[in-house]
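Same chain, two partners: chain A is paired with chain B first, then with chain C.
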Partner chain A sequence: MSDQVLSRDDLPVTTEGDVVTVRRRAQAVAQARGLGTFAVAAVTTAASELARNTLTHGRGGDASVEAVARDGRQGVRLTFRDQGPGIADLSRALAGGFSTARSLGLGLSGSRRLVDEFDIDTTPGKGTVVTVIKWARF
Partner chain B sequence: MVTNFMHRLNIDDRGLASRRAFFEITDEDLARLATHRGLAESHSGEVVEKLYHLLLGHPESRAFFPDDSSVRRVKQLQHTYFLGLFEGRCDLAYVENRLRVGAAHERIGLAPQWYIGAYGRYLRLIFDHLFGELGAAEAQAAVQSATKLVLFDMSLAIDTYIAANLDTVARHQAAIREMSTPVIKVHQGVLLLPLIGTVDSHRAEQIMETLLMRVVEEQARAVIVDIAGVPLVDTMVADHLLKTTEAVRLLGAQTILTGISAQIARTIVQLGVDISAMHTRARLADGIVLALSLLGREITAKAP
Partner chain C sequence: MARGSIPILRVGDNLLVTVQTDLHDAVAEAFQEDLLAAIEKTGAAGLLIDVTGLDIVDSYVARVLADTAKMARLMGTDTVIVGIRPEVAATLVRMGYTMSGVRTALNVDDGLAMLPARR
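After this line comes the complex of A and B, so read on.
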């Protein structure tokens, strides 16, 4: 499925401040695409979670925030890339409640529930790429 | 104050030796300058006058000298400063003295531009006199020594200025942090913490500490945390809220979360965060009513 990309911002994710920048960008694009307030809150929160994972677990990386369209539907696509340790036990990380950082361990599983499409590509020792999309309602 | 800067700039015997070495100031340089002290003394008055001619000739720098008496006072200091270059020493006492200059400049807000320019004039004035009155070879050597020492002084003044400036920024940041975590006593035993803005880890720590101190001070039984001004609640913010609630509980008080928007409520549910350790109310007003009822009190209408 190829989506039409209407705009794209590439942002670094190397500091706490970058996490805030990425999530503000995601929020602005989501609003501009016409997503409703609940969907905007959902994708903004997912952006915050995934960017923070890139920063803390992936040892930093970068993010793309894109405005996308598919079959006339408007959406936001977020991609987070890092060259960190990767996730050894993906199904456990996605199940929720598991954290290697003595945190709640809900960011990854929660983000998955907050968005419409969720894709994760992780290789132990190589890094992780997470791509999510949130669509505006018709 | 100045001692503090000595420490901040890492100036002890070793730090000083290393700084001196980098500016290539040798004992010969200092001894050479000392031999020209007589010359310096006879021209010091004129050098200082010409320096202030520059400083008072520009409205921006002039503004730092409000009246004649302050001009007289700084000229006197400048006199001592100038002769200091020809004392033949560059020890800790010398540095301590020089650091006062940078700190004083920062205090009055005189930016490096003005004193770097002033140092420039200083050097030219010193050159003129040395070349005018000494043989070429001797003047050349003296100029080199004087340049080293003046640049050394300049580095101290700028480093102090920056360090003092950083102190000011840190003080302001602390003040802003304090301001952004106001803990309000709404009633005997009831505290309110209105959170506003992005809650990062650093701020969260600060908020928790401030709140816990107040809970103890006020012997609070209920704490209302209002998040109406928080843009989003992700797992990190939720985690901080839960940890705060747990710590507050250990002190014998209960936490009530208010100001939850419909969007944030739904997001929290989707994230799967369990916030049942806190009481929750959508509106702050309802949170206050709940807090009072937890204390066995209630708000009632006045009898007619």
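After this line comes the complex of A and C, so read on.
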């Protein structure tokens, strides 16, 4: 993807407070790039879910919050990286309703439905990288 | 937010709590404990949780709210969650989190009308 990067913040995801910081940053960038109220709420919620996964399942990592442009559109791109256990059964984790934490298992599948682009790269034993984009509509 | 700092108001036989801060980790637990203790102390018939101040509700916060309602129910107190914003409702449904089993109302007045007075 050759999106133009307009701004970039790299943030740690190692504490509960970091999850809030990443979420607030994603929200601010989304608002600044002209996303509507519903789109801002969607990408902010996805940021919260994915950052929490990085923290709890990935044993911590980091996140990038970027403002990006492609074909005259602007949006926010979020990348979450960890060197945790990876996801052994990705299709099951993405289907929703599956959790190794006895939770609802809606974070990953739900985030996917909240954004315009969703990409996940995971290697068992090595870690996980999740990248999502939400575009402003005109 | 420190322990015990969420203002809990009495409105007739009911309790009204306004959530403004993120309900995360320790805060969420303190929130639940404070509310349950207030229910015991006051014998409230109903509990209204006003979430108008929350601009996002992720699955974690949604679960805290739903669990709190279940805990209150075990004590014999009905909960109504009021003031879920349009964008929050849309986001929760799109994620597949419908908060089923939790009673909701548009605003505090409507929520109060759903809670019959105990006496």
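The rule we apply is simple: the second predicted complex is superposed on the first by the 137 of 138 C-alpha atoms of A that agree within 3 Å, B and C clash if a C-alpha of one lies under 4 Å from a C-alpha of the other, contacts with A are read in each partner's own complex, and residues count from 1 in each chain.
As a working rule, contacts are C-beta pairs under 8 Å (C-beta built on N, C-alpha and C of every residue); 3 or more make two chains touch, one makes a residue touch a chain.
Please read all numbers here as calculations on a predicted model, not as lab measurements.
Colleague: Touch check for A:44: first (chain B), second (chain C), both, or neither?
Modeller: both
Colleague: Going by the contact rule set out at the top, does A:69 touch chain B (first), chain C (second), both, or neither?
Modeller: neither
Colleague: Do any residues of chain A touch both chain B and chain C, and if so, which are they?
Modeller: Chain A residues touching both partners: 16, 20, 23, 37-38, 40-42, 44-45, 48-49, 52, 96, 103-104, 106-107, 109-110, 113-114.
Colleague: Under the stated contact criterion, what part of chain C meets chain A in this complex?
Modeller: 22, 24-25, 55-60, 63, 85-88, 90-91, 94-97
Colleague: Where on chain A does chain B make contact in their complex?
Modeller: Interface residues on chain A, with respect to chain B: 16, 20, 23, 37-38, 40-42, 44-45, 48-49, 52, 96, 103-104, 106-107, 109-110, 113-114.
Colleague: How about chain B: which of its residues touch chain A in the complex?
Modeller: 198, 200-202, 231-236, 238-239, 242, 262-264, 266-267, 270-273
Colleague: For a test of understanding, state which residues of chain A touch chain C in their complex under the given definition.
Modeller: Within the complex, chain A touches chain C at residues 16, 19-20, 23, 27, 37-38, 40-42, 44-45, 48-49, 52, 96, 103-104, 106-107, 109-111, 113-114.
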